[in-house]
Amino acid sequence: MAVDRASVIAWLNELARVYSANCGLLTELDSAIGDADHGASMERGFLAVQADIPKLPEAIGPLFKAVAATLIRTVGGASGPLYGTFFLRAGAVCPDKPALDAHDVLALFRAGVEGIVARGKASPGDKTMVDALTPALAAMNPEAGVAAMLEAAAEAAAAGMKATIPLVARKGRASYLGPRSVGHQDPGATSAWMLIRAAADQWRAA
Amino acid sequence: MAVDRASVIAWLNELARVYSANCGLLTELDSAIGDADHGASMERGFLAVQADIPKLPEAIGPLFKAVAATLIRTVGGASGPLYGTFFLRAGAVCPDKPALDAHDVLALFRAGVEGIVARGKASPGDKTMVDALTPALAAMNPEAGVAAMLEAAAEAAAAGMKATIPLVARKGRASYLGPRSVGHQDPGATSAWMLIRAAADQWRAA
Amino acid sequence: MKKLINNPQDVVRESLEGLALAHPDLVRVSFNPVYVVRRDAPVRGKVGVVSGGGSGHEPMHGGYVGRGMLDAAVPGAVFTSPTPDQIEAATRDADGGAGVLHIIKNYTGDILNFEMAAELCQMQGIDTEAVVINDDVAVENSLYTAGRRGVGATVLAEKICGAAAERGMPLKELAALCRRVNENSRSMGMALTSCTVPAAGKPTFTLGDDEMEMGIGIHGEPGRERMPVEGAREIVARMTEAILADLRLPSGHSAIAVVNGLGGTPLLELYLLYRELQRLLEARGVVIARRLVGNYITSLEMAGCSITLLHADEEALDLWDDPVVTPGLRWGA
Amino acid sequence: MKKLINNPQDVVRESLEGLALAHPDLVRVSFNPVYVVRRDAPVRGKVGVVSGGGSGHEPMHGGYVGRGMLDAAVPGAVFTSPTPDQIEAATRDADGGAGVLHIIKNYTGDILNFEMAAELCQMQGIDTEAVVINDDVAVENSLYTAGRRGVGATVLAEKICGAAAERGMPLKELAALCRRVNENSRSMGMALTSCTVPAAGKPTFTLGDDEMEMGIGIHGEPGRERMPVEGAREIVARMTEAILADLRLPSGHSAIAVVNGLGGTPLLELYLLYRELQRLLEARGVVIARRLVGNYITSLEMAGCSITLLHADEEALDLWDDPVVTPGLRWGA
C-alpha cells in the first residue's frame, strides 16, 4: 500500500479537526511562554486548507504547494511561514506519481523539516517545533513501511515535544523569557507532533 | 454652663477625628448610591479646618465664618457648598458673646440648616442630609439646656439618617438611581448625623 | 487597588504637574488654587470659555485647554466638583474683558460650586454666563430628580463654543449657542467594569463576569439597569435607540458623533463600535458628518463606552472644523 | 471575557471597517487582502513607508497611516504577524516608484513574513529596504535569543521616517535614518493586569492583587520579573534606569520621550508618570525636547505603561516637528 491523493486529503481533513479540537490547548501553552495565539492561528490555517480541498490540484506535489500557499496566506505569526515552508518544500520534492511509497514520504518530510530549519534557523534544543520534528525525522525508517515509519516518527515527535519542557528557549517569542521558559511545553513542538501524529493515524493502512 | 470658644474648638477637633475615622464608611455608603468620594471629601475638609485652628478668629461668629470659608475652599462636590453654607449662616446669626446658651445654639443650628435647605432645595424625604438635619432641629428644645437639647437632636438625626434607607432619592447624585436607591443609607445624612453627634458629645458639660 | 500613582491624595496635583511639563507651549497650570489655563490667557477682547468638574475624566477638561477650545479648566479632586475659589481664579485669568462662559455639567456639586463662584466673580465686575449641560438619556429628566447628567455633549460644547469665541462671538450669543448645542445633543453610556477612586482604594461597584451596567454615569454611579452582557451590535443599538427616543434626528440630517471609551476600553473595540453606530444611523438615513472615536470623557480605568450624538446644523459643522490646538484635541494647526 | 465586540473572529475586520468609515478623508482600507493605505497612495516619486504587525496595539499601525507618517499599515490577526500576501499588496499600493521602506518590529513572525513579502516584491521589481526595530531593553540582546523586541521606538521611527520620506529622502538614506532612530532608542514596559486575546477568551496571564510584571511585552509575553507593585516614582525609576543602562544619553543632550499606556491605564496616571520621568531626567541634565503622553502602542486592555527614549539630534527633532495627519497622531495641519 502507499499514500495516494485520498490519503493526503484525509490527513488534511484530520489536521483541520485536530487543530480545531486542540485550539484551546495550543493557546494555553502559548499563553504561558508566548502570546496566546498559536491555537487560533493553526485552526484558522487548517480550516482554510480544508475549505480549499475541492479546489486542490490533482497531483500531490502541486497539491502540497497549494496547501503551503493557503497556510502562508492565512496563518501569519512565526508558525505561518514555518509550516508554509514545510508544505512548499515537501511539494517541491514530491515525485509526480499517483501514490507515494515510504521512501517518497520520508523524502518529503525531510525536505519539509529542512525547510523549517532553513527558514527559522533553530537548532535542536532551542525549544521550538524543530525539537519535535528533528527526532521524528531521525526515527523514520522507510524499510519498515509507511505505517510503521510514521508510528515511530510520531512517538519520537511526542518524546521530543515533552523534552522541550525543561529547556530554556533560544528562538521565537519564548526566548524573551530566558530561564522563565523552563517548565513549559513548547506550543509549536506540540502542533508539530500533532502534524505527524495525524499522518500516522491516517496513513496506518498505507 | 454654655458653649464657649474652647467647646467650639473641641467640636471642630472632634469632627476632624470623626470624619477621618469614618472616611471608609462614608465612602462605602457613597459607592452604593453615589460616586465614592464623600468620605475623602469630608476628611479633607475637616482636616483643613483643624489645621486652621491656630489662625481662627477669637469671636465665635467670625470663627464659624472662617470654618465655612475653609470648607468651601477644600471640600468641593455637593457637600462642600452645603456644609460651607451651614457654617456661614451659623456664623452670621452667632451673637457677639464669649459663650453661647441653648437658645443661641438652637438659633445657629436653625440658621445653618435653613441655609443648607436654601442652597440645595431639598425637602425632607428626598434622601439627603436634610433628612437627618430637619428632625434634629425639630427635636431641639432649648429649655432642656444645651446638653439634653443636643442629645435629643443627635438621636433624632440618627433616626432620620436610618429613615433614609427605604427612601427613593430625589436630590443629588443618588436621584439618578431612582428606585435602585432604595435600601441604602444616604451618605450625607450620615455625615450630618456625625456633625450633630459630635456636638452632643463635646458639649455634654455645657 | 493597583494604580500607577504615588499617594492617592497627590494624584490630581502630580498629574497636573505632568500636564504642565508636557505641554508648556499650550497651557499653564496654577496650583494655588488649582486650575489649568491657556498659555496666552487672557486673550484680550475674546470671551473666555471655562469649564471644570471632578478629575478622573481625562482628557476632559484640562486636556481641552488651548486655542479654539477652553481658556481655562478647573479640576477638582477625583470625581469631586472643584471649589468656588478655584473657579473664580480661573475665570479671572480667562477674562479678556468680554466676559466668561461657564460650561457646567449637571451635577448638584458642580452647579452649587459654579453658582458660588459666579457670585464671587460678579462682585469683581466679571460678567459670566452659565450653561448647564444635561445630555445623558440614561437618567430620567423629571421634577423628582436632579435632572439628566452632563456627559459627552460637554466635549462638543467646549469645541464648538471655543471656536465661536475665537471668532469673536459675544458672551450672550455664545451662551445661546452653547444651549443649542446642549439641546441638540444626547448621550448614553455603559460599563463592563467598575472604576476605582484612588482615595477609596476599591472598586465603586462590582459586576459579574457576564454582567454589564447600562446607563452608567462617568463617576461610576450605577446606571439604569444591570443586565447580561451583549454583543457590540446589540449594545450600540440599545444605546442609540435610547438616544434617538429623545433626540429629533430625521432622515437626511447630519450628526456629529462621539464614540467614547471610558478609560479601559481598547481603541480596537471603539472603532468596532463606531462601525456599528454608523451602519445603524445610515439605515435611518442619518449622516455622521463628523466624529470622534477615542477616549474623550473617561471614568478612570473603567471598561465601557458612551455614545454622544449632536444633531448638527451648518453652523455647528463649520465651527467644528475650525482649528483647535489642545493637548487632547488638535487639528487645523 | 467581557469585550465590546461581536465575534472574536471578526474583531480585526470590523474594527478596520470602523477605521475606514471614521477617517475616509485620511485612509482607505483593503479587505482582501487586509491592509490600510493612505487615501492618496501611491504618492508619485515619494518613498513609501510601510509597517505592520499583529493587531491589538492600536492606534499602531493603522492609526498612523496618513500624510507625514505611514503610506500603508498591514494588520494581522490579534497579536499575529500579517501574512506575506498582505504585506506585498500593501507595498505595491504604497510604491510611488521610489521604493518602499519596511519598518518591522523584531519578532520571528514579523521578520519571516516580511522577508517572504520582500521576495515577492522583488520578483515584481519593487525596491524594498527592511529595518528591524529592536528597542526593548527588557529582553537581553544575546546570541541565544531572538534578540530584543521591537516596541515604542516603532512609533518614533514611523513619524520621523514618514516626515523624511515626505521631504523626498531617497530609500537607502531613509533606511539609514530609520536604523539610526532605532539605534538611538530604547524602551521598557510593565503591566499591572493581563490582556485577553479575543480568540483565547481568557487572560494570557494572571497577576496577584499586589503584583506587577516588569519588562512585559506588548503581546502579553511575560517580562523580566514578577514583583510586588511599587509606586509610580519607583516604577519610572526602574524602567528609566534600565533604559539608560543601555542608551548613551549624556547630560546636556536632548531626548524625545514617549510615556505610553498599554490600553487600560487612565491618562490621569500617564501624565503623573510623565512628571516622574521628566524630573528624573532633569536631575541627570537630560532635556525632554519633545514628548508623547497617551496610548500609542497598546496591548489590548492591559493596564500598564511603557517608556521610550530617543536620544535625539537636530535632524530628528526637526523631522518630528513636520506636519503629520493621521487618525492617531496629528499636528501642523
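Remarks
Note that the chains take the letters A, B, C and D in the order they are written out, and that residue 1 is the start of every chain.
Everything below uses one rule, namely that contacts are C-beta pairs under 8 Å (C-beta built on N, C-alpha and C of every residue); 3 or more make two chains touch, one makes a residue touch a chain.
The structure displayed is predicted, hence computed values, not measured ones.
Any chain touching subunit A that also touches subunit B would appear here, but none does. For the pair subunit A and subunit D, the distance between C-alpha centroids works out to 32 Å.
Put simply, the C-alpha centre of subunit B and that of subunit D have 54 angstrom between them. Shown for subunit C are the residues in touch with two or more other chains, namely 78. Chain-to-chain contact here is organised linearly: an open path runs through the chains from one end to the other. Pairwise, the chains that touch each other are A-D, B-C, C-D.
Note for the complex: subunit C touches subunit B at residues 33, 54, 76-85, 107-109, 112-113, 115-116, 138-140, 144-146, 149, 197, 199-200, 204-205, 217, 219-222. Of all residues in subunit C, only 2-7, 11-12, 14-19, 21-22, 55-56, 58-59, 63, 78, 192-193, 209-210, 212, 229, 231-233, 235, 263-275, 278, 291, 293, 295, 298, 300-301, 303-305, 330-333 touch subunit D in the complex they form. Partner subunit D is touched in their complex by these residues of subunit A: 27, 31, 33-37, 39-41, 44, 72-82, 119-120, 169-173, 175-178, 180.
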